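For reference, the structure I am asking about is given below.
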């Protein structure tokens, strides 16, 4: 039985929850996997950390929350500070260079990627920051295939924005492929 | 800042979104309190549930954050039992006029000395952008993907018809009016309603292509005018701002005090 | 009334959410958003002390301090 | 001085007792069969300088008295089934914010509009579970005017002691019935006043921090301490929180402050229980019928006894277990389809001993009804 | 054709299922965490020519769907705790007038406003006893989307079969969670249509006269039979009455039509119960945690089993008794201060075997929480 | 009698007191239905709780006797789900405007084709004579032994302000107007309100020394006048009778039908 | 319009509660309450068929039957 | 232990409930007896039979309703028809001649008294019909003393109506004293 647990954490408006849904949906629709996605809400719909949990598996998933992620994605400093300690030993951490400054920590494989800056630079629209992240995640984990993610995007994204999204995905994938584990 | 003493600063930054009009209301409401030099120990703020209602957590008054729609009902008990207190009730448009509509009209009718501030963003902000009885027709919201067909209330007409004795309207853009009208309302010996159009860029603005907070504020500047202005005559679509009624009529607590006299004499 | 002298723009960085209202509505273009999306008095010297920014900030993040502070009455 | 004896309805008795307990704020909306409470309040309160409000509905009635309680007054509202249903949301608010108040529900035939002018005891479980979410509640009842007076005063006392809403569960029968009531003298029944904080002005006051004895001193709205009150989970200053530890603490506090003091809250009367083979358990109006049966049968030498429960919630399970230990049969007499009977079954060893004698057709349960069931019951076992 | 698999929230699953069941009228008022039901209804209903109304509050939401049901439509409303409290009066009206409707309560942390965005299972007893007076109620729940779909369809089926409101008790966790849902094909889950009277025009029709099988055929408002509907006690034509015999008959009918068919209503899932020494009993979201524990422990050979209850009311006491007969320990897993655990204790022999594993701090109950309690429990007895 | 076919005669004599105005309303309401020749199978009467609400038991329509204050909420569901039905809602003043005030104003706002008849006796008749939000000040009732201090609503102004598109008022004395206004209201394609002042000799009349039913009816004759009459100009205290508004505006069910079209096309 | 001929005053005795409204409001003094407090057409011949009594009876107890019945339209 | 059970039955507006209350109150306030008074309401407050139960005793009274009255008072035909069969054998029946026509019945002592007609004739105001009844009841049963009833009246009745009430009470007492049991 294979099982992979992820936490996507960032701030409202960064699209972390959408990214989580796209990943899980891709796994279900195009790769015959099972998936559960959930999210936690703050006191109000606004402000605070935005967090989404995803579990991918080839077996039934009962408990839907992630307590120790295999993969942790942090798109803000606050998210990083809150969650970087709960990552599973040997797990994967992806953090954005623009938003997150790393503290010393050894137990995880850490990738500190310039996702945001690259998107802003190459595409000029931070709205696809989360899609870029998905590209990198794909490259680093291979949890789903890149073309499956593309298919999901094709279904969800209005055609006039599709190109931009695909570009962001590719950019992310490249960043992921070229990435090197951060030396703490 | 002059109004710092009225803030519970440890809860800032507040939970409202960037550019939310409710913050502008808070900002300029406190200036009214400041200018009137009301003793904070004699100020009670009673609110319901909604983004707007969260305001009561930020002010250093006695604060009562109640149930959706019921602020005026709670406030009626506070004021009736301790008429020397100044009671102010900030409310969302849904809070005041969807679920809370009945308490609203009855508070107007009773004319107890309470001040209701309706922070009207034409949407249910807190629950994620469903339309409200103030949205009006043709509006996109999470519960009206095909645009609303529900007609809107006119808060001013409704307040006037139900008997409120002080009735005013302004917008988040017109910050001086906010302070002035709330000042007048707080001093008015009877039930007062101040409607303040307040932008919700997150839900109303975004779904209805109204741009960011600044654009929404500019819209208030353009779409409104003073009561009875020339502009209004030329363009009847403009929304009027100003004081629509300011009348004295028997105040409920005062009348009740007399009733007690009568009862004790007989 | 003579133009009041502005002593300082107090902007609470941690309260500012970068909505841009003060930037857009300042009649003198005094304010800008920095790269962290916080308002800063980029052209402080242009300020006429009208307090529009202070009064229109939804986050209560701005306070304008004048040379001789007098009460606003409006 | 000879004590005054009044010959009045139960509803008016409740009003007199509330005034005795120090009530000076009432808001209500008329509904049969509770309207006389509202009407007598309207007559009495202005005379003592208290406040009477007739509100636009039951929701606003309860909300407004909660507001008035916060400024330091003893408050009450009164209603019947349909209105009690409408009050459930605000009842939960009073539980969560720990604001003392008394709600009288004069029960009539339900469900729904049901039988407005007929007696019933169908709201017992609603009083316990009507509002959403976990919570504890205190609910008192009585079967005669003298006890009703005492229980009403107790309701106010418990509301203050435990900072909680108390539901006074009356019924149409006792509410409308007239019988003699000897008015207690001042001081005869202890009246508990609100516990106010001794924290001086300027010092941090915690409206939601229990003292060692579990009580939470209050500070009046309009007084020297400004704090926040919210129906959201909140910290010791009354401000909203989502901190799991604080939440855990608050919900346990809300339950424990009442459930752990059940023995202090328990109120009952017992008749001939010492050697009773058959124990009748009853409350409110139907306890009158039960007592009639027990006294008349005792005269014939039958070993019958009655346990009359006056504090329905928290349910006095230990009391019931103890009093029923030696009973061969336990017969719960109530005017509903069986509510307290379930609690009795949970409370006692061998729930098979427990039977229900009820009546639900709008008529008052008669001694004959009870005797008929008793005959059946005894026929089985004896 | 390959069946469609959707990856959607539980709240949307509920909407899809309702439409599958034939719903074409919905009215609601937004409230977290149920708002997505209302929002998806707003999107779907106009497309199929159905009616969507956003009303001024929860009271009018329920009232309006009851009105629409009378004209022959399948109807629903959705809310959460505070709104569910407000609906209690009209819920009782639907019970009394025997009008089919479905009310979804997506539970959040209570009491009062509580924890709007956090999961809870605190409204179980409220669903049973929230409205005034004696009554019976059907309440269903589910722990995963596939079952949620089925239970939602069942809710509509039972509403029609028993002419009654059905409460669908969801929770924030399953409501907001996304997981795969295989959409059933048309006809795959049976859909029960309204039983309409065959009495011809001009012949006396009795809206409240049960057939021999206990069912009451309906006639649509606007159709050929004109009759009366009232929340007062009424005769077989629907007209108010105070005749004790009729009242007695009606209240017994209202209870019996549901309580006596409890076995038909009972829905559950069982996992590894055959040889289980420790039986976990759970429902809704917390059954996911329980199942997680049971499956992982079974792999280690521990004799754990799970009984997942899907029909909470009428409570399947017989089922529970039967399934727990040989259990050494019974552990009820729920996210409240203990509600279903009381029913389990009533149901089984030796209630001392019954323990509670719960969590009430706003966080979802974890397998570790359950295992910790289990360790304590086993420590005691073994 | 022409209206016999609309009566459920087996329930007569009805439960109302001798001289109760509600009977006059029933009497003349049925004549409106008769004159319009509405098919009884297409008539639905929805009422709340109160003496007035008992009217639904006496008419041979589809009849729905609901909860206190909620008639319009139920009626909204009936009409929305089956727009071809004619739905009429007789209500007491308390029913319509105390507990039911919110549904009332929202029904006005929505402009769904329902007809609300407010049988205004200025008292809670059913529960034994407590004052209502229509009693006005200076009235003796069981809950106002010292006379009321609560101001009253003006049903007409409130209906107008909330958006009702047909609004009329008459009294139990003016029986022809009852029939005529209800006829107009039933034919009006939108939300209509007809307020009918209706005497309660038992509670209102007796406690306020207004004499018997006939005297109370005579009072309606003397205290009212047609809208804009000369008499009104001379004596502004007079209550106006007549049709205050009769306007067409988008009807809710019709708008919803179009929304369905839009949704199905997109 | 010529004065219609009144054929009969149908008064349902069991429905009449004796409120006296018809008696007071009949323009011709046709009706009276008998000793059982029920309305009776004491002076039937004076009746002009105006139907005021029929329309004002709160108990729907009166129906006026005219010689040639024509629909009232008002 | 002495115990007397009464049912007062008539129509709304006749004052039967007031009469019942006055009797019970008199017993409590001026004669040291115990009493319970209750009443039953119809579907609405209006119409139908108005009924009040009174129990007088020197001991505690638990069950407050009367199933078999020692004394039954019927002021309307409908009341008579409904209740005349439940009277306790050997009990007392008081019926008003104006409102009630008797049917043949033997088990009770029946007094058919012209209470209403006497009041109308002698006083001219039927409003004190119920007080006249109390006078007769007093004379026939002696449950309370006449002067005790007078004291209660003095407390309850506004002084300007007191004389009329006292006269009605006396009239009733006389009718009662002179009355003869009805031969069935």
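We call the chains A, B, C, D, E, F, G and H, going by the order they appear; numbering starts again at 1 in every chain.
Rule of thumb we're sticking to: a contact is a pair of C-beta atoms (placed from the backbone, for glycine too) under 8 Å apart; a residue touches a chain by one contact, two chains touch by 3 or more.
Keep in mind it's a predicted model, so treat the numbers as computed, not measured.
Engineer: Suppose you hop from chain E to any chain it touches, then on again the same way; how many hops at least until you reach chain F?
Structural biologist: So the least number of steps between the two chains is 1.
Engineer: Given the contact rule stated at the top, which pair of chains has the most C-beta pairs in contact?
Structural biologist: Result of the pairwise contact count: D-E comes out on top.
Engineer: As a quick test, compute the distance in whole Å between the mean CA positions of chain B and chain E.
Structural biologist: Chain centres of chain B and chain E, defined by C-alpha means, are spaced 39 Å apart.
Engineer: Taking the mean of the CA coordinates per chain, how far is chain B from chain H in Å?
Structural biologist: 61
Engineer: Mind checking the centre-to-centre distance between chain C and chain E? Centres are C-alpha means, answer in whole Å.
Structural biologist: 56
Engineer: Just give me the whole-number Å value for how far the CA centre of chain A lies from that of chain E.
Structural biologist: About 36 Å separates the centre of chain A from that of chain E.
Engineer: Give me the residues of chain F that touch two or more other chains.
Structural biologist: In chain F, 13, 16-17, 67, 99, 101-102, 106, 126-128, 133, 146, 150, 256, 259, 262-263 touch at least two other chains.
Engineer: Would you mind listing the residues of chain G that make contact with two or more other chains?
Structural biologist: none
Engineer: So which bits of chain H are touching at least two other chains?
Structural biologist: If we look for residues of chain H contacting two or more partner chains, we find 42-43, 45.
Engineer: Enumerate the contact residues on chain F facing chain B in the complex.
Structural biologist: Residues of chain F touching chain B: 99-102, 105-106, 109-111, 133, 137, 146-147, 149-154, 157-158, 160-163, 249-250, 252, 255-256, 258-259, 262-263, 266.
Engineer: Chain E touches which residues of chain F in the complex?
Structural biologist: 11, 40-42, 44, 46, 56-57, 60-67, 70, 73-82, 84-85, 102-103, 106, 256, 259-260, 262-264
Engineer: So in the complex, which bits of chain E are touching chain A?
Structural biologist: Against chain A, chain E makes touches at 5, 7, 32-33, 117-118, 173, 176-180, 288-289, 291-292, 295, 364, 366-368.
Engineer: In the complex of these two chains, what residues of chain D are touching chain B?
Structural biologist: Result: residues 25, 27, 46-47, 49, 51, 53, 55-57, 59-60, 63-73, 75, 89-90, 93, 221-224, 226-232, 239-240 of chain D touch chain B.
Engineer: Show which residues of chain E lie in contact with chain D when the two form their complex.
Structural biologist: 59, 81-82, 84-86, 88-89, 92-93, 95-97, 107, 109-116, 118, 120, 122-123, 125-126, 128-135, 230-233, 242, 244-245, 247-248, 251-252, 254-255, 336-337, 339, 342, 345-346, 360-363
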